[in-house]
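Lettered A, B, C and D in written order, each chain numbered from 1.
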Amino acid sequence: MEAMSFGTFIWTALGAFLTLATFSFLYKDNPLYKLAEHLVVGVSAGYFVIILWHNGLVPNLFSRLADGNFYFLWLNSSKWWYLVPALLGIMMWTRFIRKWAWVSRWPMALYIGIATGLAIPLEMKNRVLTQLHSAMRPVDWGNFLGNGFLDTAAGFSQVIIFVGTISALFYFFFSKEHSGVFKGVARFGIWILMIGFGASFGYTVMARISLFIQRIQVLEDFTNVAWTTDRGIFLVVWFITFGIFVLLSIYEIVKYLNRPRSVQ
Amino acid sequence: MKRQLPLALVFIFGIFMIIQYFVPHESSEWVFEFLLDWIYIIGIFALALGIWSLIRVSWDKVKYRKENWFYSLVTLFGLFAMIVFGFDYLRNFQTAEGLQNFMFRHFFDYIMIPIQATMFSLLAFFIASAAYRAFRARSLLATLLLVAALIVMLRFNPYFGPISPYLEKTASWLLNVPNLAAKRAIVIGVGLGIVATALKVILGIERAYLGKD
Amino acid sequence: MRQKLIIIMCLLFIPALAAGQESVITADSSLVDTITVVPPAPVTDLIAYDKNNDHGHAIILKWTPSADDGAGKKNVLGYSIHRSLSPNGPFEERGIAAAGDASYNDVGSKERESADYMADHVDYYYKVRTLTADESVYADSEVVGPVQSYGQWFNTDRWMVLIFVIGFMAIMIFMINKARRGAKLFVRRLAGIEAVDEAIGRATEMGKPILYVLGLGTAAEIATIASFTILGRVAKKVAEYQTGLIVPCYDPIVMTVAQETVKASYMDAGRPDSYDEDMVYFVTQSQFAYVAAVNGVMLRELPATNIYMGKFFAESLILAETGALAGSIQIAGTDEIAQIPFFVVACDYTLIGEELYAASAYLGREPVLLGSLKAQDYAKAAVMVIAVIGFITIHFGWDTFVEWFHVAN
Amino acid sequence: MNIFDRLMSVDRRWVFLFLALVCVITYVAEFPVDITVTYEVENIYDFIDTLDPGDIIFVAIDYDPNSLAELHPMTYALVEHAWRKELKIIFTALSQNGPGMADLAIRQISDSLDIPRTYNGVEYPAREIVNGKDYVFLGYKPYPALVIVGMGQNFRIPFPTDYYGTPLDQHPMMKGVQNYDQVKCVIDISGTSGVDMWIAYGQTRYGFPLALGLTGVMAADYYPYLNSGQVFGIMGGMLGAAQYERLSGNTGRAIDAMRVQLYAHIVIILFIIMGNVGFLMTRGHKEGL
C-alpha cells in the first residue's frame, strides 16, 4: 500500500463515510442518508454551474463576443450574431417576472422546434430504416438446424428473429382488436417480448454486482491504509468512520429484539 | 404574440431542420451548427432558472422551519461552496483555473463520486429484491419472463454438471435470438412513435408544452 | 475528426519509419539483405474525383494496387497520397493507406484558419507513392488531375429517408383530416393508460400526492415532449380532484416547460388558484444525485402513485424499487430499450416503447390525436409489408429491393 | 400465516442483508470455484498447451486503462500459462495507453514466475524470465494497420528496436524470426477497434491463427469471425478470463471476481425459487377454498 498523507486520508475517510451513509438507505431512510443525499444534490448542482460556465458559456459565447465592447452592447464584435442566442437565453429569464413570463416561450418554442425537426429524419433513418434493412436478411436454409445445440447462426434462429420481429410489431397495433389470427400473432409477439426482457434482465445482474464489488474494494483500500500505517491516528479515523455505523446497527438490533410482539 | 408566434417558430425551425438533413452543402451546415449553438446557449441560461428554483425551495424550507429544514441548509452549503471553489474563491471568472481548485476537485472526488457511485451500486441490491418480488409464475407471460431470466442467470453456473454447457448455449441463444427480435420490433415502433410525435409538435397539434394564458 | 486523427497518426509514422530504417542498417549489416530493397511496381489506374453527398473539402482517390502488393516481390508496405496545386509539384503528403487498400479519402478541414484547410473549387493534382520498408525505395504513380472538391445541395444517399418522412407525413395529415371530419376510429385498450385514471382516484381517496418523474431526458428529446403531454392530462385530473402533485426535474428547461404545462392544466380545470409554482422544481443535473433526491421524496412524502414517463437510464430500477418499498402504485413508460425490462419487472403497469407515444392520444381521446395513432399503425403496416417483401425477394437473389432501404450515411 | 406465505413475503431487507453478506464473504474468503468452460476459450488454452517449449507466440495488448479490469486478468492468465510452458512471447501494444500497462503486466508476471507453483497437478519450477530470451516487447507505434502490415514483412520494419531501445537483433530469441511466419499464433487482447485491424490487415492478409480476448460488451460482435474460422478462439470479459484461469489451474483475479458473481447469482436465484415455491403452494391452497 503506497504511503498516503494524513490530509488525503481524511478526505478518503469522508468518501468512505459517505459511501456507508448512502448504503444505510437500504435499511431505511435515516439522518445519515438524508445528509448524504442533500449534500450531493447541492454539490452536484454547483458542479454543473461551474462546468457549464467554464466549458459552455465562456468558450461558446463570451470568447466569441470578446472583441466587442460593453458600450456598444457587443454589437461591434466580429461575431456579433452570437448576440442572438444570448438574447434568447436572457428571454428565458423573463420567467422571473410574472407579467413578462410569456416571452420565455419564444426561446422555448425555438428550442423545441429545432429539436423536433432534427429528430424526424434522424430517427426515421437510425431506428426505422436501419432496423428494417437489417431485418431483411436471407435465411441460411442449408444450415437450418445449425451446428450443435441452439445455434444462434442457424437457419431456424434467423427465421425466429424475423417472425419474432414481425409478431412483436403486430402486438403494438393500436387500432385493431387482438382477435382471430391477429390474436395468435400478437400473442407470439408478446412472448418474444417477455423472453427478451427476461434475458436482458438476467444478463444485467452481473454488471450490477460488479458495481457493488467495486464499492467493497474502495472500503477495503481505505481499511488497508488505516491498518498498515504505523500512525495510530489513522486507526482512530478509521474507527470513527465505521464506528458510527456499528453503533447504529447495534441500536437497531436491540430495538428489533425488544420490539412489541403482537399476539395473533 | 403569446401563442401564435411560438407555434410559428416551432413550425419554421422544425421544417428547416428537416430540410437541412438532406442538404449537405456548407451553407446549410453552417446554419445547422449555429442553431445547435443556440440550443446549447439557451440551455445554459436556463440553468439559472433551475438553480433559482433549487435555492428557493431549499430556502423556503429553512425559513419556515419545515420538516428536515436542516438538510436544506446542507444543500445550500454544497451549492455555494462548489460555486465559490469553482471560480477559484471568486477570483477567476474568465479563465478555468477554478476547475483545478484544490477544494473543487476534492469535493468532486470525495463527495460527489463516492455518493453517486454508491447510489449506482444500490442497483445490485435492487435487482435482487425486484427479482424476488416480481418473478412469480403468475401467468404464462410472467413465467416466460422468469424462466428466461433464470436461464441467463445460470449461464456460468458450474453446479449442473453435464447440463451446464447447455444452459450456457441456451442463454446465449436467448440473448441473441428472441432478445434481438424484441429489440428490433421495439426500436422500429419507437422510431415511428418519435416521428409521429415530432410531426404533431411541428404541425401544432400537440402543444401542451406551450402552456396557456 | 477520425479522418484527421488518422492523418496525424500517419504523419507521425513516417519519421518513425525513417528513423527505424536508419537504425536497422547501422545496427546490423546482415539485416540489409533480409529486407528487399528492389523498387516495387507503381499503382495503376489512379483516378480522383469529388466525394459525393458531402459539404465539399474532400476528394476520393482510387487505384489498382501495385503488382508487388501481397504478390510478386511482396515488398509493399503501404501507399502515401501526395497532393499539389500544380501537376509539376511541389507535392504535399496527405496521408497513408495500408497495403491492400485501393482507395483513399482525402478529407481537408473546412475552416479557413486550419492548417489542414482544403479549398473548394480549386484545381488539385494527385499522385500515389508505393512505399516499401526502405524510405528511399518507392514508386510513384502518374499524376492525375485537375480535380476539384465542392459541396452538394442534395444528399442522394438519403432519398429513402425523404420518401419515408414525406410518406408518413402524408398518411398522418390524411388520417387527421379524416378524424376531424368525424370518422369513428377504434383504438384497443391499454392497461397502463387506464391505470392512470384509477391511480389518481386512489391518490385522492388516500389524501396523498402523485409523483410525476419526467426522466433524465432534455426538452430536446421527443420522449420528454411526449411526457409533457401526459403530464398535462395528469395535472388536469389532479387539479380536478384537488390532489397533490410533485414533479422533481433533472433539466432546467424541462422544469420550465413542465411548469407551463401544469399551470395550463390547472387553468383548464378551473383551479388556477391551487397552482403552486413549487410543485415543479429543479433538483440537479447529475444522474445519481437526482435519484438520491427523488428516492428521498418517495420515502418521506409516500406518494400514492408514481408515474415515470420519458427517458430513463440505469436509475430506472432504483426509482421503481424504492417506489415499491413506499407502497406506491407505479406506472412507467419509456422508449429506452435497455430499461424497459426493469420497469416491466418492478412497476405495476408499463408502457412499452411506442406505447409511450400513443399515451397522450389515449388520455386525450381527441379525434385529431386518434387520427395520428391510426397513421402510426399504417406506417407500421407499411414497414411490415416492406420487410416481408424484402425477406422474400432476397431469397430469390434479388437484393436491389433490400438495398433501397440501406441508407449509406 | 403459514410457512409458504412467509416464503412469499420476506422483508426485502433480508434479501439485501443476505446478498451483502454473501458478496463480502465470498470476496474476502479465497476459496476456489468451478467455472463452466466454453469451447471458444478452451480452443485457446488447448492451442497454447500443445505448443512445444521454445515456440514463439505473439501477444498484442491493445487496451486502455478503462477496460483494464476485464482484460488484465486475461493477459495474466494467458502469459503466465505460456511462460510456464516455456514458450517465448513477442508483445506489442498498439493502443496509445497500452505500453505502460503491457510493461507493468510483463514485470508482474515475471515476478510471479520467480516462485515455483503447481498448476493442474504439474509442478513448475521457479524460472527467471529474461528480456530477449523469453520475451521481446516491441512497444507502440501509431497507425496500427500499417504496423500490422509492416510486421507481416518483418518485425524490424516498424520496430527496429524494442520498447526499451535495444535493437531487435541483439535479442537471442529474435534470431531467424522475421515475421508472422515464425510465430505459432497471434493473440490480440483488445478493448478498442484495433481488433478489426488485426482481422482485416493481419489475419486476412497473412493467414496466421488469431485468437481474441475482448471485453464482455464487445465479444458478442466477434462471434461471426469464430464461425467463419478466421478466429480460433474468443475470451469474452471477466467470464472468459475466469475460464482461462480455471483451465490453466491458475486462480487469479478473474476467478476471485467470478466467485462473488457466482454466489451472488445463486442467492438471487434462491430467493426467486423461494418466492415461487411460496406462491405455487398458496395458490393451490387458495383456489381450493
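One rule holds for everything that comes next: a contact is a pair of C-beta atoms (placed from the backbone, for glycine too) under 8 Å apart; a residue touches a chain by one contact, two chains touch by 3 or more.
The structure displayed is predicted, hence computed values, not measured ones.
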Problem - chain C and chain A - chains in contact with each - result: B, D
Exercise for the section: Determine, using the mean of C-alpha atoms as each chain's centre, which chain is farthest from chain A. Expected result: D
Exercise for the section: Go through B-C and A-D and name the pair with more C-beta contacts between its chains. Expected result: B-C
Handout entry: Distance between chain centroids, defined by C-alpha means - chain B, chain C (Å)
Key = 15
Fill in the blank from the handout: Note: chain D sits from chain A at a C-alpha centroid distance in Å of 29
Problem - Distance from chain D to chain B - Cα centre to Cα centre, in angstrom - result: 33
Exercise for the section: Would you give the residues of chain C that are in contact with at least 2 other chains, written as numbers and ranges? Expected result: 158, 161-162, 165, 168, 219-220, 222, 225, 253, 256-257, 260, 283-286, 288-289, 292, 300, 340, 342, 344-345, 352-354, 358, 373, 376, 380, 383
Exercise for the section: Specify, in ascending order, the residues of chain B that touch 2 or more different other chains. Expected result: 18, 21-22, 39, 42-43, 46-51, 54, 68, 112, 115-117, 119-120, 122-125, 127, 129, 131, 133, 135, 145-146, 149-150, 153, 155, 175-176, 183, 186-190, 192, 194-195, 198-199, 201, 209-211
Problem - For chain A, residues that touch 2 or more chains besides their own - result: 22, 25-26, 34, 36-38, 40-45, 47-48, 92, 95, 105, 108, 111-112, 114-116, 118-121, 123-124, 128, 132, 135, 152, 162, 165-166, 169, 172, 193, 196-198, 200-201, 204-205, 209, 212
Fill in the blank from the handout: Interface with chain C, chain B side, in the complex: residues 18, 21-26, 29, 39, 42-43, 46-51, 53-54, 56-57, 60, 67-68, 112, 115-117, 119-120, 122-123, 126-127, 129-131, 133-135, 145, 183, 186-190, 192-201, 203, 205-206, 208-212
Fill in the blank from the handout: Within their complex, chain A touches chain C through residues 22, 25, 28-29, 33-34, 36-38, 40-45, 47-48, 92, 95, 104-105, 108, 111-112, 114-116, 118-121, 123-125, 128-130, 132-133, 135-139, 162, 165-166, 169-170, 172-178, 193, 196-198, 200-201, 204
Handout entry: Residue ranges of chain B in contact with chain D within the complex
Key = 124-125, 127-129, 131-133, 135-138, 146, 149-150, 153-159, 164-165, 167-168, 175-176
Practice task
Mind listing the chain C positions that touch chain B in their complex?
Solution key: 53-56, 110, 120, 151-155, 158, 161-162, 165, 168-169, 172-173, 176, 218-220, 222-223, 225-226, 228-229, 231-232, 249, 251-253, 255-257, 259-261, 263-264, 267-268, 278, 281-289, 291-292, 300, 314, 317-318, 320-322, 324, 335, 337, 340, 342, 344-346, 352-354, 356-358, 360, 368-369, 372-373, 375-376, 379-380, 383
Practice task
Flag every residue of chain C that touches chain D in the complex, lowest number first.
Solution key: 6, 9-10, 12-13, 16-17, 19-24, 27-28, 30-31, 34-35, 70, 74-75, 77-78, 96, 98-100, 133, 325
